[in-house]
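Below are two complexes that have chain A in common, paired first with chain B and then with chain C.
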Partner chain A sequence: MRLELGVIHICDVQFGSTTSVKDGVLYVDADALAAHLKEHEERLVDVKVHLARPGESVRITPVKDVIEPRVKVDTEAQIFPGTVSKVLPVGSGRTHVLRGAAVVTTGKIVGFQEGIVDMCGPGADYTPFSQLNNVVLEFTLQDGLAAHDKEEALRFSGLRAAKFLAEPAKEMEPDEITAFETLSLIEGVKAYPDLPRVAYLQMLQSQGLLHDTYVYGVDAKQILPTLIHPTEIMDGAIISGNCVSACDKNTTYHHQNNPVVEDLFAKHGKELNFVGVIITNENVFLDDKIRSSDWSAKLAQYLSLDGIIISQEGFGNPDTDLILNCKKIEALGIPTVIITDEYAGTDGASQSLADADPAANAVVTGGNANEMVVLPKLDRVIGDVDVVHVIAGGSDKAIKEDGSLEVELQAITGATNELGFNKLSAKGY
Partner chain B sequence: MSKIRVLHYINQFFGGIGGEEKADIAPSLREGKVGPGMAIQGAFRNEAEIVATIICGDSYFNENLEKAQEEILQMVREISPDLFIAGPAFNAGRYGVACATIAAAVKEELGIPAITAMYEENPGVDLFRKQLEIVPTTNSAAGMRNAVKGLVPLALKLARGEELLGPEEEGYFPKGIRVNYFAEKRGSERAVDMLLKKIKGEEFKTEFPMPVFDRVDPAAPLTDLKSATIALVTSGGIVPKGNPDRIEASNASKYGAYSLEGFVDLTEDTHETAHGGYDPVYANRDADRVLPVDVLRKMEANGEIGKLHEMFYTTVGNGTAVASAKAYAADIGQKLLAAGVDAVILTST
Partner chain C sequence: MAIWTNNPRVLQEKPIENILFFDESMASLFVRIRDAVHMGWILRTHPLSGSVRPSETPFKSVLMEKGDTLDFDSLALIESAIATEKKTRETRHYLLDEIAREDAMLIDLSLIQNAIR
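What follows is the complex of A and B.
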C-alpha cells in the first residue's frame, strides 16, 4: 500500500469571506463553517469560531481534541472513514495536508478532564499545539443530552470541521510530496533480505467515556488486536475519543502524525524493514488484558519480527497492559522498546509505574506528569478557565489570585505524550 | 577569591580518641584538620581550608539524637563555614547514620552545603540519600584515598553553588528523584535508535530502570497445628521493660531475643515498645496488642497449637533500611530453624 502525502505549509490563519488557502495563509469563512457543522449535527446549538496563533497571549481550555485538516485527492475513500466519511479503505493514493494548521475543539463538554493549550509562555513549551495556527471551535449543545451523546456530537463535529477546512487544498499543488509504502510480507522479505524486520504495536486507550478510541468507526474496546497499514493511520483510520489526563492522551492530530510511524519510515529500507502496525486496546477487565496481550504476541510472532516498539496511552491501569504486552513478546525472543510516561509524584520520589517487569529493560519516557508548572495569566481565554479547578492535574488551589495557574503537567494537552511526540523526558537524580 | 571555609565532622575512632570504649564521648570542637581531614585538605589544594573539626562518639550521637544534633549545630553556627563535610564513614553503621543525619540537619536547618561519603550498604545511605549527596566508598578505611577523590570535587561544587549534573556524572548515590528535561531528540526517534541497538546486541541505556519487586514464595501450610511449635517475631519494637539492649527507636541497628518463659500475659509492668514511629501509648499499656502472647498461651492451653516457642525476636521497623532488616531476618530464621520451630507469626504495627 502506497500513500503520497502532499504537504501545504500554513504560516497564518485569518477570517475570510470564503474558506481558502493563499500564500501560506488559511482563510476561514466562520459563518459557513458553523452552518456546515450545524447542518450535519442537530445536537449542536451554537458554534463559536476563534483563531489562536503561535505566540499570542491566548489560553485554550478545556481542550477536547486537536485535528489536522487533510483531504484525499484521488480516491473515493475519504479522510476519517467510518466516522464522518464512508467506511472505505484509506491509506493509498494522494492526501493533501494543511501542515501548520489545526482544529481545536473546546467548550463545556462532558467530564472535567480536558486539557490546557497555551499559545505562549512556559505552558507553550510543553504542548506541540502552541506551534500551530489553530481554528478553535467552542461548542454549545442541546440541553438534556446524555454524556455519551455530547461526546459523540463534539467528536464528529471536530472531524467535520477539519475536513471542511482542507477542502480547498484538494486542487492545490503541494509544497512538498513524500511517498510512504508498505510492501506485502513476501515482497518485503525479498526487497530487504538483510534488514531487521520491525513492527509497531500501538496500544489504544479504551477504558470508557472520554477514554475511547475508534478504528474505522469501531470502538476499540470491541476489537481484537489486528494489523493496520501505517498509511491508513495517516488518513484518519484511527481517531481520538479521549482527553482524560490530557498530557498522555493521543489527540486525532497525534494519530494522523504518529511519530513512531514517521521515524520507522525514516529508516525503512535503510536500517530496518518497517513491516507494519499492530493495534491493540487497553480494556479495564483482566480477561481482556490477557486476551489482547496474548493476541498481540501471536501477531508479533506470526510476522516473524526482529524487534518491536510498543507505545502506551494513559497510565495506571494500562501499565498492566503495557507490561503484559512487553513480557509476552520478549518471551518469544523478540526485542522490545516501550514508550511510556511517569507518575512519580510532584517531588519525583515515588515509583513511576503501577506495574513493572525485568523484561522491560528498554524504556523511553515522556517525562513525569506530576511535575508542577506555573502558567502566568494570559490576555485571552478561549473556553472556560474555571475548569482548571477540577481537571486532572489541576486542583481547587490551581488558580492563583493574580490569575496564574499552578498545575501538574498532566493538565497540559499532549505534554508527556507516549507516542514519543515530544522531546520531554525524565532522568533519575 | 578567598578560600572556602570547611567544617569537618568525624567520630571518636577517626578522631584518634579511641574505639568502642570511647563511643560515648560528647561532641568537641578542634581547630584545624584531624585524621582523615589531612587527606581531604591535601585534595583541596589551595581552594578550601578545613578551619575546624568536630569529633563525636557514635554511641553518644545515636543515643542522644536530638541533644547531640543541637550541640553540633550550635558549633556549626559558631564556625559558620561555607561547607560541611562528614566522614567518610565507610561501612560503620552508626557512624554512617550520624554523618548523614548531621549533614542533612546542617543542610536543611542552617542552609549550609553539606556532604558525606560511605559504603552502599551503610544504613545512612538509604536513610538520607533523598536529602543530600552521599558519595560511594569501599567498605573499609583502606579506600580512603579514592573516597576523598570522589568527595572533594563534588563538595567544592556544592560550596560554589554550581548546578549538579545527575548522580552518574557527579558520582553520588541516586536520590531516586525523577526530574524532567528536554532531550535532543523526540521520544519516538529515541525509541527507534534504542531498538536498533537492542536488535544488534549493542549497548543501550533505558530511560527508566524498572524497579524490581522482591517476592517471597509463601511456605507450605502446616499439616498439624496441634503439634506445631509457633514463634512470635515482631518489627513493632516490643521489648522487656527498660529496653535492656537499647534497640533504637528508629533505624534499628540490632534485634533482640528475649524469653517468654513464665509469661501468660504481657503487662505495662513487664513489657513496652521501643518503636518511635507510632503512638506507643496502647502498646505500652498492653504489649499483647503487638505481640499476642496472651492469645497464643490460651491456644496452647486448649491444645489448639503444640506450644509457643520460648523465645521471641524483636526489632524496630521504623526507618530501618531494607538491607538491615534482611540481615536480621536471615539471622533470626537460622536460630528458629535450629530450635525446631515449625511456624512463625510475624507482626508489624
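What follows is the complex of A and C.
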C-alpha cells in the first residue's frame, strides 16, 4: 500500500468570505463552517468559531480534540472512514495536508474535563498545539443530552470541520510530496533480506466514556488486536474519543502524525524493514487484557519480527496492558522498546508505573505528568477556565488570585504524550 | 460474580444482579477488597479503571468473583491500587460540585458497564 502525502504549509489563519488557502494563509468562512456543522449535527445548538495563533495571549480549555485538516485527492475513499466518511479503505493514493493548521474542539461534556492549550508563555512550551494556527470551535449542545451523546456530537463535528477546511486543498499543488509505502510480507522479505524486521504495536485507549478510540468507526474495545497499514492511520482510520488526562491521551492529530510511524518510515529500507502496525486495546476487564496481549504476541511472532516498539496510551490500568504486551512478546524472543509516561509524584521520587517487569528493560518516557507548572494569566480564554478547579492535574487551589494557574502537567494537552509527540523526557545519570 | 462499589449510580442501575454497595471512601473500599482477596475473591476488572485519578473521583466499582484460594495476581493489583490511591490523595485535593459528582458517578458506571459488556 502506497500513500503520497502532499504537504501545504500554513503560516497564518484569517477569517474570510470563502474558505480558501492563499499564499500560506488559511481563510475561514466562519458562517459557512458553522452552518455546515449544524446541518449535519442536530444536537448542536450553537458553534462559535475562534482563531488562535502561535504567540497570542490565548488559553483554550477544556480541549476535547485536535484534528489536522486533510483531504483525499484521488480516491473514492475519504478521510476519517467509518465516522464522517463512507467506510472505505484508506491509506493509498494522494492525501493533501494543511500542515501548520488545526481544528481544536472545546465544549462541556461532563463536570470535570480537561485539556489546556496556551498559545504563549511557559504553558505553550509543553503542548505542540501552541505552534499551530488553530481554528477553535466552541460548541453549545442541546439541553438534556446524555454525556455519551454530547461526546459523540463534539467528536463528529470536529472531524467534519477538519474535512471542510481541507476541501480547498484538494485542487492545490502541494509544497512538498513524500511517499510512504508498505510492501506485502513476501515482497518485504525479498526487498530487504538483510534488514531487521521491526513492527509497531500501538495500544489504543478503550475503557469507556471519554476514554475511547475508534478504528474505521469501530469502538476499539470491541476489536481483537489486528494489523493495519501505517498509511491508513495517516488517513484518519484511527480517531480519538479521549479527553480525560489530557497530557497522555492521543488526539486525532497525534494519530494522523504518529511520530513512531514517521520515524520507522524514515529508517525503512535503510536501517530496518518496517513491517507494519499492530493495534490493540486497553480494556478494564482483566480477561480482555490477557486475551489481547496474547493476541498481540501471536501476531508479533507470526510476522517473524526482530524487534517491536510498543506505545501506551493513558496511565494506571493500561500500565498492566503495557507490561503484559512487553513480557509476552519478550518471552517469544522478540526484543521490545516501550514508550510510556510517568506518574512519579510532584517530586518525581515515587514509582512511575502501576506495574513493572524485568522484561521491560528498554523504556522511553514522555516525562512526569505530576510535575507542577505555573501558567500566568493570559488575556483571552476560549472555553471555560473554571474547569481547572476539577480537571485532572488541577485542584481546588489551582486558580490563584492573580489569575495564574498552578497545575500538574497532566492538565496540558499532549504534555507527556506517549507517542513521543512532545519535548519532555527523562534521563538517568 | 459481584460488583463491589461505593457508587450509588451503580447500585441504582445494577449492571449485574449482584451489587455489594458500601457507603465509604475509595480507600476503605480498596482495603475491604484486599481483605476479600485474602479470603479467596478474585478481581475480574482492574481497580485503577479510567484516567480519572483516585483523588479526583470518590467513586469506584470493581467486578469480583468468589474463588477458593488466594489469587496472587489479584492481590498484587489491589495492593498497587491502594498505594496509588494513597499517593494521589496525599498530593492533591479536589473540589467536586454536585454536577461533577454526578458525572464522576456516570464515568465510573460507564467503565464498569463497558467492562461487563
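Here, the second predicted complex is superposed on the first by the 425 of 429 C-alpha atoms of A that agree within 3 Å, B and C clash if a C-alpha of one lies under 4 Å from a C-alpha of the other, contacts with A are read in each partner's own complex, and residues count from 1 in each chain.
In the analysis below, contacts are C-beta pairs under 8 Å (C-beta built on N, C-alpha and C of every residue); 3 or more make two chains touch, one makes a residue touch a chain.
No experiment lies behind these values; they were computed from the predicted model shown.
Trainee: Identify whether chain B and chain C fit side by side or clash on chain A in the overlaid structures.
Mentor: fit
Trainee: Quick one: is A:209 in contact with chain B, with chain C, with both, or with neither? Answer first, second, both or neither.
Mentor: second
Trainee: Could you look at A:147 and tell me whether it touches chain B, chain C, both or neither (first, second, both, neither)?
Mentor: second
Trainee: Touch check for A:337: first (chain B), second (chain C), both, or neither?
Mentor: In the superposed model, A:337 contacts chain B only, not chain C.
Trainee: Is A:374 contacted by the first partner chain B, the second partner chain C, both or neither?
Mentor: After superposition on chain A, A:374 lies in contact with neither partner.
Trainee: Is A:361 touching the first partner chain B, the second partner chain C, both, or neither of them?
Mentor: Only chain B; A:361 stays clear of chain C.
Trainee: Once the two structures are placed together by chain A, how many degrees is the angle at chain A between chain B and chain C, based on Cα centres and rounded to a multiple of 10?
Mentor: 50
Trainee: Classify the contacts of A:346 with the two partner chains as first (chain B alone), second (chain C alone), both, or neither.
Mentor: It touches chain C, and chain B stays clear.
Trainee: Touch check for A:198: first (chain B), second (chain C), both, or neither?
Mentor: first
Trainee: Contacts for A:285 in the overlay, against chain B (first) and chain C (second): which applies, first, second, both or neither?
Mentor: After superposing on A, A:285 lies in contact with chain C but is clear of chain B.
Trainee: Can you tell me whether chain B or chain C touches more residues on chain A?
Mentor: B
Trainee: Determine the nearest approach in Å between the Cα atoms of chain B and those of chain C after overlaying the two structures.
Mentor: 10
Trainee: Taking the contacts chain A makes with chain B in one complex and with chain C in the other, which residues are shared?
Mentor: Of chain A, residues 351 contact chain B in one complex and chain C in the other.
Trainee: Using the touch rule from the top, collect the residues of chain C that touch chain A in their complex.
Mentor: Counting only chain C, the residues touching chain A are 43-53, 56-57, 63, 77, 80-81, 83-84, 87-88, 91-97, 99-104, 106-107, 110-116.
Trainee: Under the definition above, what is the set of chain A residues touching chain C in their complex?
Mentor: Residues in contact with chain C: 110-112, 147-148, 205, 207-211, 221, 244-245, 249, 283-289, 314-317, 320, 343, 345-346, 350-351, 354-355, 370, 389-390, 392, 394-397, 408.
Trainee: What part of chain B is in contact with chain A in the complex they form?
Mentor: Chain B residues touching chain A: 130, 166-167, 174-192, 194-196, 198-199, 204, 206-213.
Trainee: Considering only the defined contacts, which chain A positions touch chain B in the complex?
Mentor: 125, 196, 198, 259-260, 262-264, 266-267, 271-272, 306-309, 335-337, 339-340, 342, 344, 347-349, 351-353, 356-358, 360-368, 371, 409, 417-429
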